[in-house]
Amino acid sequence: MEERNNTTTPATEAKKCSCGWGAFVVGLVVALILGWWVLPNLMKETKKQPIAFSHVEHVQNQGMTCEQCHFVRADGSFSGTPTTAQCAECHFTVLGSNPEEARFVREYVQTGREIKSEWLVYQKQPDNVFFSHALHFGPLAELRGPKETAAFCSKCHLNVAETDVPPVYTENRLSGYSENTMLMWGCERCHAEHMAMGNTNASNACFTCHK
Amino acid sequence: MSSEVKQFKIRWGMVIDIDKCTGCGACMVACQAENNVAPAVDGSNKLRSLNWLTVFRLSNHKPFPDHEVAYLPRPCMQCGKPSCVAVCPVIATDKREEGGIVSQIPPRCIGCRYCMASCPYHARYFNWYDPKWPGDLAQALTPDVSTRMRGVVEKCSFCHHRFMKAQEAAVAAGRDPMDLPDGAYITACTEACPNGAITFGDLNNPAHKVHELIKSPYAFRLLERLGTDPQVYYISKREWVRREGDNYLEHEKTGEATKQG
Amino acid sequence: MDRRGFLKFAAGGTVGLVASPIIWNTLYDAVYWTQNWGWIPRLKKGESEYIPTVSKLCPSGTGFVVRTVAGTPVRTIGDKNNPVTHGAMTALAAAEAELRVSPARLKTPLRRSPDGAYVAITWTEAETLLKQKLQEAGSSVAAVSGDPTSSINEVLTSILNQRGSSDFYFMPDEEQPAAVAWEAMGGQGRLGYDMENSDCILAVGAPVLESWGVVAANRSAFNRTHPVAGEPTQKLLYAGALQNNTAAGADLWLPMKPGTDMALLLGVAHLLIKAGKQGFAAGLANFASFAAAYTPEKVSGITGVPVARLEAAAKALAEAKKPLVIAGSALGAGGSAGPVMVAVAINMLLGSVNREGGLVDMPFPVSVVAHATEYRETMRKRFVNYTQAVAAGKTKAPALLLVYAANPLYSLPADSGMKETLSKAGYSIAVASFMSETCEACDLVLPAALGMEAFDDVQTPYGSGRVTYALARPVAKPFAGARSAGELFIALAQELDLELGVKDMPELLYKHAYALGAPFRAMMDEGRVFTAKTALPASPLFYNWEAIRSAASARGAEGDIQVAPVVVLGMGTAQTAIPPFATKVVTDYQLKGKYSVAQMNSATAAKLKVNAGDHIRLVAGNNVEITVVAAIFEGILPDTVSLVAGLGHTAFDQFSKGKGSNVLALTSVCREPGTGLPVWGLAGVKAARA
């Protein structure tokens, strides 16, 4: 111990120190790069929707309403994204010049392949969640036009109404869930409030949302 | 966990007429199918098989030929003062939602089984193993109730998803989801009973049949003197059946507690 | 880099990681893991549809609504709009969506290879083989059907008739002895029962609330006549050896020794005659004097029914406005005609024939396929007579034996000759939905679609009081490689250039509906069910006391202990075995692990020196020995043990295989005196602790 103390001069100490801080900084930078970019990107997997569906074309150019494809069924359940059969009500044959449409007609309508089961749901929820669109639609009846509807729906969903190509779907490789999946606190933001969205039934009791 | 009991505007309840039940088991089959309860290879092992609803055979304990038999279907009693809720350390079970159904959230359950110990009706079951649907059986799973995993407790939920669906349908039809007509929401066992032994509805709502039925002089509840205040009522005109509902001493009369309740 | 430098690098790295979102995001993502149980099946999503149809697996043709999710059946729910079953379900029908995908379900045609193992073959190969075997067999072809309500039988009989064979049979059922009895008493149509409108029903031996007749309809009638917490508008009296499910719903239970139905009914007849119930018809005086020998005391001695209860039953019938007496067998097959004759006679005494709430003389189902045999004719033929003759070498074994929707190897007594017939037959083909014992013994197994997967129909089942007609409509694609049996047989006939007069199943169903005046379109599109009160002109009934007398001379059961079989639909049928979702309905007083449970009262147990849970050996008159577990239940006659039917399967899947013993193994085929009907003799057993 004594010997070592003797050999350690202030100069070498300072040198070691600066080298050590360098190592610290290198470690910090490497970790920050890993933690901010490399690992998150490694865990993310981006996927493309099976068809580059254009909401702009359907809503703005063709004047369709949201409810023509996304509607509440008579039993109160929500249709979600349309099935191939629903799409084929118009697209039984190629209507426009978009190559994606032609591909859709060729690969799905003509073969009977189901687009609904291949479509990636940005807000995919686990089996344990009961979500009723109808029960959240209370104020929707008063909304007018796609703009207001889109503004309302995008409280939870990505606002796709004005997109020409579907947004990129990002999935966490580890959990298998979409980056956009709303977590429980997101639901509770409203459900914990007594008069959330003007509805007094929005309790945050477990069974309100779980099955 | 407070001693205060939450009051509900709606109290879903069941009235089971034991004199009408002949023990065929259609309710149990419908319950399993509806709620995605996995089948058991050896269902005769009653310690290992998991049922949300079980039909028990009752006996008047008299020798032949004066013996009488009755069948008693036992769902979760959805107690007004549930002893399971009070002991759950993680609030995996709760009674808070309008309707008064005791909720059970399996992914939240830590498997301590305190609730099973505290439930006087043995209405709770533990998943000792992972549920199995051999071969293609999983194809017949309904989309309504999430499958459970080993290590958690589960129980009858009065087919709660049907309550949610009835509310959805009411909203879609422009009606008040909190004022469902009689029959708009019934459980799978109620629906399956060929003898009509089970009646389901809102105990608080005078427009629902159960509201009157529970006032019958023949109505009773299981172990009602424990003070759990079950939302499941039974009816039998046979005194011995009513006596089976609780541990009565010879001099004690049935029916007192129900009247107070 | 030295140690200190490395530590600083590590410290920097740690600070960096903590300052970056990766750890926190991963921890945050842990919430997803409460939901990720990759080895547990996930739920499928999709639109729910509710399509009304009828069950072809449940013998009572239960009307149900099949709930499909994205096209796959997930639930069967009682159809409230069905005018026959009014939404009532059975434990079997409730399990049908799951049975559709059960492990025992046949997925592909199977051919037995020379080494005895099954080889999966394609449908093209199977159809070629079927056609070739049928052509080779010439007229030496026999067929048996276990589904008497289906018009597919007509296609089969037509094929057989045109090939020159008359060997088409129905499996033994409840109706065959009843038809014999009704005819013996002068009935000209088909025997029906208007249970719904009766105010007092005496069911002798017939478990009307569990397995006899149109059970779902019986239960729904029970429901409507027994309001919740109210006064019943119908009395139900049940005579049987134990307090089964029917007894649980009955107002009065008459504990009756197995096989003594005749004596009990004659005793009731005697009491009613004494009470002045003497509906007139030829032979009344002779019948009355014959029945007079059956005094309450004597009947009580034979049957074990206490005199007071016998008198109470007779009194209830005498006082009722619309009484109805039904006789049937606990097993549902292999019953005698004698009790039904006496039951008919009692109804005649009470004036309960062709009256609301009484016996109904109904028309038989009519065949619409060219060259088909009439239902009534097939009903007169006895499959067991045929198999026993083949086994004994008295009849030539068929070159081709076709078994459709039946499992005779399991559901017939061991000495029925079925096993021998199958091995003697040149070639055997089973058309079935599940891998049954019979399938396992056949050379070719063809997977048939279920009622919810193909076109089929339910013509008035036995036990109904009305003519009913319901269509089974395909609500889902056939599972795996299954195919519609009806279409298969029609295609076969066309291949063989046979004339049917129908080109496919819908046309066959249409012809039936047309013949009945039923609204075919509404039935096809909306699942409507046709019913009609078509009573025939009253038959010239008479008290055939001679037939009754000879039937009454049947020997009683021997042995120390009588066996009372119990049929419960939760145990499935011989074709389905125990549905996976019904195993929990099987109670611990029916089955314990590998053993059937024998219920007995404490007096019997004391006599046998057994306690609950003990293993006991039962040895039947035919020297078959089974080991069962004893259970004490006071609702059963002394010296009687009850065993549930439907156990002891050696085929099917893990839900049925190797569980308990088949109660039919204890029976042997006897002939009823007078009628010569093959009946399952439930000879007594010797019991001892194992």
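We just call them A, B and C in the order they show up, numbering each chain from 1.
Quick note on the criterion: a contact is a pair of C-beta atoms (placed from the backbone, for glycine too) under 8 Å apart; a residue touches a chain by one contact, two chains touch by 3 or more.
Not measured: the values here are computed from a predicted model.
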If you tally contacting C-beta pairs, which pair wins, B-C or A-C?
B-C
Averaging the CA atoms per chain, pick out the one whose centre lands closest to the mean of every protein CA shown.
C
So, comparing C-alpha centroids, which chain is the farthest one from subunit A?
C
Report the inter-centroid distance (CA atoms only) between subunit A and subunit B in whole Å.
39
Taking each chain's centre as the mean of its CA atoms, subunit B sits from subunit C at a distance in Å of 31
Centre to centre, by mean C-alpha position, how many angstrom separate subunit A and subunit C?
53
What residues in subunit B touch two or more of the other chains?
107-108, 144, 146-147
Could you pull out the residues of subunit A that touch at least 2 other chains?
73, 75, 77, 126-128
Residue numbers of subunit C (touch at least two other chains)
35, 42-43, 45-46, 48
Mind pulling up the subunit A residues that touch subunit C in the complex?
16, 19-21, 23-32, 34-36, 39-40, 43, 73, 75, 77, 79-80, 116, 126-128, 172, 174-177, 183-184
Subunit C to subunit B touching residues, read off their complex
34-35, 37, 39-46, 48, 67, 69, 72-78, 87-91, 93-95, 97-98, 100-103, 105, 209-210, 216, 219-220, 222-224, 226, 228-229, 243, 245-249, 255, 306, 309, 479-480, 568-570, 579-593, 601-603, 633-638, 653-655, 659
Residue ranges of subunit B in contact with subunit C within the complex
15, 17, 19-26, 28-30, 32-34, 36, 39-46, 49, 51, 55, 57, 59, 61-65, 67-71, 107-108, 130-131, 133-144, 146-149, 188, 191-197, 199, 209, 213, 216, 218-219, 235, 237
Using the touch definition up top, name the residues of subunit A that touch subunit B in the complex.
72-77, 126-128, 130, 132, 134-135, 137-138, 201, 203, 205-208, 210-211
Quick one: which bits of subunit C touch subunit A in the complex? Just the residue numbers, please.
1-2, 4-6, 8-17, 19-23, 25-26, 29, 31-33, 35-36, 42-43, 45-48
